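Same chain, two partners: subunit A is paired with subunit B first, then with subunit C.
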Partner chain A sequence: MSGVGEEEENAAELKIGDEFLKAKCLMNCEVSLILEHKYEQLQLVSEDPMNQVSQVFEKSLQYVKRFSRYKNPDAVRQVREILSRHQLTEFELCVLGNLCPETAEEAVAMVPSLKTKGRAHSDEAIEKMLNDLSLVKRFE
Partner chain B sequence: MFCLSEMEDTVRVPPDLLNLPLEVAIKKVLQKLLLNKVLSIGLCVSIYDIKSAEGGFVLPGDGPATYKVRFIIVVFRPFVGEVIAARFKESDSNGLRLTLGFFEDIYVPAPLIPRPNRCEPDPYNRNQMRWVWIFEEQEYIIDDSCQINFRVENISYPPVPTEQAEDAKPFAPMVITGTIDDDGLGPVSWWEGCSERNNEDDDT
Partner chain C sequence: MFFHMVLERNMQLHPRFFGRSLRENLVSKLMKDVEGTISGRHGFVLAVTGIESIGKGLIRDGTPFVTFPVKYRCVVFRPFEGEVLEAVVTTVMQHGFFAEAGPLQLFVSNHEMQDGMEYQAGDIPNYTSSDASVRIQKDCEVLLKITTVSVVATEIFCLGSIKGKYLGLLNDRA
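After this line comes the complex of A and B, so read on.
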């Protein structure tokens, strides 16, 4: 029902559209890409005096931009791919992606469930995952 | 954290919007209806996509066209146990108040501030009390100088009050209680030395 051109533009620009829909939880860096894309659309409706309402959009964008370690779509996609390989729940994946712990000890402090629930991740496995993540940052 | 949520609802598009492309008109109505509202799945911050819209019938004697719409929204949904990055907003003798910018009803009550600590009048702000953590004879003031990580302990959804006093605080439909009393929580400057990280990110 909407313009086909706009859908194609969405898919090309974001490149991760389908994965977003499968993922229920989003990392801040993913939300940043989504909201930045929506920004032009918000300008269209800003003639309406709903300033208080549009504030939530702008402030959310400010927040996710500030608290995102990864900025470009390729890096963001790689981060999700790397974390997805490590038997994490959606929730665990997003907390790690948001807070970017540097050591296994920090990761476990932020996401204690890594060491519980009978699927205890070894420190080596966690370190490997964090190491893979740190490589993504360097290529930005 | 933020989540995507698919919803279905009946949307009435008023006549003055019907000259716009349908998707834009529906988005406008949904934004007005949902943005900044606390729904059961969280605080709505953006309309992500319209998946489908059916109908468009105008009932006799009724101006708006009615559509059955499937759409996806972006919500902020805190989870108990989730560690979230925030900033300091203010503090008083009850504890701290933290903010995310778009959401400011986060409270860290005194018992969830690490001890030993003390609460004293803020020398820079007459109306405020400030909290100071004491650790190994060093004093750590809790203020707005850096990012503060907190863990969600509880989320409450107070019922809408039927009446409010003139000077009452604005109604908060969702209130997060957080703790900073654990490893890795509190101002990030407290932990910087530990992992010897090279902190290129300037959070101030």
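After this line comes the complex of A and C, so read on.
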């Protein structure tokens, strides 16, 4: 980020800092489950939960609800399980889970680090992974 | 990108909040203090999801306040340069359009659009492609790549680009 003076960040090369590389990333559908749960808890103790939450929370909840590919918690677990089999970092896993590219070329355009970082994911391997992912959607 | 992280904070509490509900008071103050805040390092803090640990309280010299080091789990949203994500168009102007991705505001300049995209003024200002097959206007969903992340005080703002084969207007996906 500008003004911080640290090594240049670049998600395309997975240069996101140790703290974030080691942290757990969340897909939109996972964030949706967490924020909705929190909102429900607030509803139990307050008549007007919308007043209790920050604008940051509200906007984020709206965003993840709008851009969630999977609504069912089981489907969400399956998606993570499928993607976890393919030697991806948390960050890459979540971008793919969020955007659901249809071809290997599209996947690499969204997550350029797939083809770098010494793992050399072949196009076939990527296509197989995307195929497995699309099956979850079909049977949700 | 959304992350689930463990962060640390020194919480100050006045003794009147001690007693049986000490922990409850600490957690409630923590949530009030951090939820909805923005930092350059961690981005937007959306919600505290749990407490990892509360350390021993230390009395601050010369005051009745006690400081507790608290480790807590929370959901944050932190944008990165080079990240590809979805956003909603909010305002279309002559030099580009503004979009929102959750709590984050982004701007895509007309120099960062595909060739042939032209600004159309009017009741519903928009950007239309030369063959009229693509029209970007308010409330459209777009896929964009973050090109710059800027932090000024506690405001985070990003510049983005839709110049790329798979970027730009998102059609209705089932």
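Methods note: the second predicted complex is superposed on the first by the 105 of 140 C-alpha atoms of A that agree within 3 Å, B and C clash if a C-alpha of one lies under 4 Å from a C-alpha of the other, contacts with A are read in each partner's own complex, and residues count from 1 in each chain.
Methods note: a residue touches a chain if its C-beta (ideal position, glycine included) is under 8 Å from a C-beta of that chain, and two chains touch if they have at least 3 such contacts.
In this text the structure is predicted, and so the values were computed from the model without any measurement.
Identify the partner contact of A:Glu81: answer first if only subunit B is touched, second if only subunit C is, both if each is, neither if none is.
After superposition on chain A, A:Glu81 lies in contact with neither partner.
Which of the two partners, first being subunit B and second being subunit C, lies in contact with A:Ser54: first, second, both, or neither?
both
Residues on subunit A in contact with subunit B in one complex and with subunit C in the other?
1-3, 10, 20, 23-28, 30-31, 34-35, 38, 53-57, 59-60, 62-64, 67, 91, 94-95, 98-99, 101, 106, 109-112
Of all residues in subunit A, which touch subunit C in the complex?
1-4, 8-13, 16, 19-20, 23-28, 30-31, 34-35, 38, 53-57, 59-60, 62-64, 66-67, 91, 94-95, 98-101, 105-106, 109-112
Touching subunit A in the complex: which residues of subunit B?
Counting only subunit B, the residues touching subunit A are 1-5, 21-24, 27-28, 31-32, 35-36, 43-50, 52-53, 72, 74, 76, 79, 81-85, 100-102, 147, 149, 182-184, 195, 197, 201.
Please name which positions on subunit C make contact with subunit A in the complex.
1-5, 35-38, 40, 44-47, 49, 75, 77-78, 80-86, 88, 100-103, 141, 143, 146, 148-152, 164-166, 173
With touch defined as at the start, can you tell me which subunit A residues reach subunit B in the complex?
Against subunit B, subunit A makes touches at 1-3, 10, 20-21, 23-28, 30-31, 34-35, 38, 41, 44-45, 48, 50, 52-57, 59-60, 62-64, 67, 69, 91, 94-95, 98-99, 101-103, 106, 109-112.
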